[in-house]
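See below for the structure under consideration.
Letters A, B, C and D mark the chains in the order given here, with residues in each chain numbered from 1 onward.
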Amino acid sequence: MRKRLTELRRLPTLPGVHLKDEIAKISHRLIELNRNRQLDRAVWDKVELARHPKRPYTLDYIHLMFPGFIELRGDRCFGDDPAIVGGLAAYMGRTIMVIGHQKGRDLGARTRRNFGMPRPEGYRKAQRLMNLADKFGIPVFTMIDTPGAYPGVAAEERGQAGAISRSLLCMARLNVPTVALVIGEGGSGGALALALADRVLMLENSIYSVISPESCAAILWKDAGEAHLAAQTLKLTSSNLIELGAVDGVLPEPRGGAHRDHEAAAEIVKDALEDSLRELEAIHPRVRRQERFQKFRRMGVWKENGMTLF
Amino acid sequence: MRKRLTELRRLPTLPGVHLKDEIAKISHRLIELNRNRQLDRAVWDKVELARHPKRPYTLDYIHLMFPGFIELRGDRCFGDDPAIVGGLAAYMGRTIMVIGHQKGRDLGARTRRNFGMPRPEGYRKAQRLMNLADKFGIPVFTMIDTPGAYPGVAAEERGQAGAISRSLLCMARLNVPTVALVIGEGGSGGALALALADRVLMLENSIYSVISPESCAAILWKDAGEAHLAAQTLKLTSSNLIELGAVDGVLPEPRGGAHRDHEAAAEIVKDALEDSLRELEAIHPRVRRQERFQKFRRMGVWKENGMTLF
Amino acid sequence: MARVSVDISRRGGDSTFGGAQSCPACKQLLSSEQLEANLRVCPECGNHFRVGARERVAQLVDSGTWGEIAGNLRSADPLEFFDLRPYPERIEEAEYETGLAEAMITGTCRIHKMDVVLAVMDFSFLGGSMGSVVGEKFWRAVETAIDTHFPLVAICASGGARMQEGILSLLQMAKTTCAVELLGGVPVPFVTVLTHPTTGGVMASFATLADVIIAEPGALLCFSGPRVIEQTIKEKLPDDFGRAESNLDHGQVDMIISRLELKDRLVQILGMLEGGVACALEPLWEEEESRPGRRGTLAQALDRIKAFANPSRRSS
Amino acid sequence: MARVSVDISRRGGDSTFGGAQSCPACKQLLSSEQLEANLRVCPECGNHFRVGARERVAQLVDSGTWGEIAGNLRSADPLEFFDLRPYPERIEEAEYETGLAEAMITGTCRIHKMDVVLAVMDFSFLGGSMGSVVGEKFWRAVETAIDTHFPLVAICASGGARMQEGILSLLQMAKTTCAVELLGGVPVPFVTVLTHPTTGGVMASFATLADVIIAEPGALLCFSGPRVIEQTIKEKLPDDFGRAESNLDHGQVDMIISRLELKDRLVQILGMLEGGVACALEPLWEEEESRPGRRGTLAQALDRIKAFANPSRRSS
């Protein structure tokens, strides 16, 4: 049937022949056949867990993981973006630079923090803090939890694209060890901007995707209602992503999800961070940079001379 | 008489004794005695020459000195400030990065370029271009011609102070040779931001000052009308400044001033730039940086253990 | 991210079909030959129509000097992505319709006799979306530039990341950024030309990381497309939102250059940056550590700089 | 530049006289002893009065640990500056009234047992204006920090450059900036505390070049003072113009810290930055080039970090 559809599509459009309805009908049947409702639900559960309003946020982890935290604010250009928080944290007897998206817990905080959707100032603050960390040999730990960079006119005018690309470049450039952890929603370039790290980890029930399932469904299925199917198709769960080689590790969550036990979740993250840093600090900075480049170089799957390469 | 004044001032203020008038009277006589009307006029002529509306501006020199110029714009954050122009110039068979204040010739250009008073974007553009030059080993040549950084609320909010300080830091940091030339009005921190260079030169009829004579008179003499006297007192002419060791060289201008013959002025600047760069490029970058630091370290005059040190 | 749906109809529509068409800006009727001869710039009003990647190469490159890099790369289907249609079918169709193997072609070439590594994107191939192949092709172009010390020019046109490759398409932003960082370490000059439209993941990675960023007139250049923003703020955006001219005013690009001048200007800019590199590689002091460079190119670079026929000059 | 005329009367007026005074913010009548005991912060409303340099040192420094640096520097009169009064007379008067030799005092000290190089400005000495002596004292403080690897803290309060030294005062901005660059090359942590008011040349040089920038509540922090701007735009500025809180919103400072917490916080921040330095100086790999550092301070730094008694925690 899939072949039939392809053939139909290839037919030259003749006057009077209306294939569109036919194509739509077959497409629809294919979607139905393709759908795995059980998997659908399982994946959507993860999406909802990743967005769960009681899930621990960046500041919760900071609060639980570090005996001391000094927030540093501002991009020194235009503003301070509360959608990204960062600062120096006391960690295992030393200092670490922690930076992460912050969604805000109650309505006031959510509004103030723009639901964790950063503007260019947020990414510029992140760059400033990362460069400060680099100067003093302080490792960088980022937490990712955003629906995406804020789509607004003023944010665009102040260079949202360049703020993200330079955040990526800044992370590529760092000499200190870097660990990124997706703690909730890893949405699009706005998430990736903080995730070009030596180790990229995900919490079990977090998601990480090139586009939100809703937008993907609206664009590709022309139907935002197909978000469940899009979520399944996008392969955005932690188990999908580790399989694709897109992340370096997945951290288990407390039974039922991180929102059920913030302390236990923070303990898991703390242990993982310790392990990652111990590994990374044993490597010479120059080698570590090279390995970082090589890791991201390997991202992607393509065919070359007929062979599929990973 | 000066002593008498000092003594009067030292007297404790007694009820019923009104010394203020007395002090003011003596002060006034002292000012009159101190005033050298001939010098006054000579200095003020320089101030007017430095601000002469037909004086060549940065873009005029660029036009006349370089067979090719590619303007580069924008700070990649907020805007492009036309009060500072910059770009790659073809120069003596190689490339040079030229950056300068631009006042604008006619009324439209003056308004657009804010009379050569930069906002933070201008200084951030300058930093971007200097870093680009540093990356490619391109020498930096700056031309200074501004009444000062723009005093506006929005400019302050976007970090005018930090934009200037980071422009200074950027120039301190460069590995490439740097030459700065005051071509007209070198006004305050807004001028200095582009003048932390290996060689700081002045055109004969340019001025370079910590504050405009008008503002200085208003603050210290409580009378903006004393601008002529303030100008003389501030020692802001090229001959004053070379004597004070504040600049490395003074370039003669065509007879009557640079505005009488733009071509001849440009020729003089070109030769001076060539000489400076030839000298500077013979020095190892690390040594050049150290010499730059040492030069600015020596700026200032103070007394130590009773001896006056320069 | 993947903004394949960016509305491009206003700017010129599909320009690859034969026959006459009317300029969407000035309504002038233009023949295909006329348009092609004028580099797909409307002779009446200067409106820039879209250009396919092959045609762009023909416009820019000295004849007979194009040597394709990584032309044998093809998209795989790592996610077995199926929406209304399977991803491989979309690829096949795009190949069929554009005659291209992917949304970017890369190669070495000469532009006005100057050696350059060139990467050109094509919006008509799945909206110029960046998937694994685009990322890998860009990486190999960078590798070639590092090996040869030829400067790198990327002509961008993209709706964003290729959703059908899921997270792997997002990660091409990280991959191309790492490539730019490696290139900058040499350093080799890197210039991008942002054409209509360049949005999403390409705009938020290598497109905005160049030493010099050039925009074509009227090009839509943004991260989030107008539709996404309109849905967010529930308002119609002004026509000039995100256009090249607005980007210039907001400090995001270095200059806007008409396509009719692009070839000459590109060589001037590259020559200028090269002039710096070349001179910096001929130190007057003794080197302490050996430095990979290419001595002897100074004269070549200087010749280029001297050869400026039409120096750009602006008066106040 | 020289913004000696900045209006400071609103913020607290002269706080060095004895006797009672009323808080300009809440009108509460406060005795001098009361104020001093509370670090010159109004116990009623938290208004921060100005503090002289010596008193600030007493507030911050562990008793008996202050060792002044360059205390024998005095201003010369290179321009033979004479306005309504000769510059040397103004200096003499300032010395007489403040008991200070200049607008900045510098020294080594311990703060909560942590070795620190401290530079403190005093607004009551010719408006905290920066002339040759302030610049040279700052330079020597940096030199000491580089030699000892003690972190540098500068408490700023300044109306700008010292006009009476003409261009030489302007050039102190360049000089102090060069010092900061040298310090950053080591690197040694550098923290500034911006107090009311910090404007002009100090604000546009070392004050805003620190690794961490702290502001005191309500402090006026700007380049151009309100009067200058009012004259330009011919409008009265809002009361919060240029205040610490506005600077925080606009991304120009890292944090606002009450003077009552300053000592504790300073040590936390310096400890954090030191922790990075100390750890980075204990490499797990073999060093290729020798690096000037101070091994063995790791344990010391770690102790400090562990010793955080009152970690700063914020919730959502």
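Methods note: a contact is a pair of C-beta atoms (placed from the backbone, for glycine too) under 8 Å apart; a residue touches a chain by one contact, two chains touch by 3 or more.
What you are looking at is a predicted structure, and each value in this text was computed from that prediction instead of being measured.
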Neighbouring chains common to chain B and chain D, by label: A
Distance-maximising chain from chain B - centres being C-alpha averages: A
Geometric centre distance via CA averages, chain C-chain B, whole Å: 41
Inter-chain centre distance, chain A versus chain B - centres from mean C-alpha coordinates, in Å: 49
Interchain centroid distance [CA atoms averaged], chain A/chain C, Å: 27
Junction residues of chain D - those touching two or more other chains: 208, 250-252
Where chain A touches two or more other chains at once, by residue number: 76-78, 158-159, 162, 166
Contacting chain pairs - touch in the sense defined above: A-B, A-C, A-D, B-C, B-D
Residue ranges of chain B in contact with chain D within the complex: 2, 5-6, 9, 27, 30-31, 34, 148-149, 151-153, 156-162, 164-166, 168-169, 172-173, 188-189, 192-193, 195-196, 208-211, 215-216, 219-222, 230, 233-236, 241, 244, 246, 292-293, 296-297, 299-305, 308-309
Interfacial residue positions of chain D with respect to chain A in the complex: 184, 187, 189, 208, 211-212, 248-255, 265, 268-269, 272-281, 284-285, 301-302, 305-306, 308, 311-316
Residues on chain B engaged by chain C in the complex (per definition of touch): 57, 59-60, 62-63, 66-80, 88-90, 93-95, 102, 104-106, 109, 113, 121, 125, 132-133, 135-138, 176, 281-284
Chain D to chain B touching residues, read off their complex: 1-2, 4-5, 72-76, 78-79, 81-86, 89, 93, 131-133, 135-136, 139, 161, 163, 165-175, 177-182, 200-201, 203-209, 221-224, 228-229, 232-233, 237, 241-242, 246, 250-252
Residue ranges of chain A touching chain B (in the complex, touch as defined): 76-78, 120, 124, 158-159, 162, 166
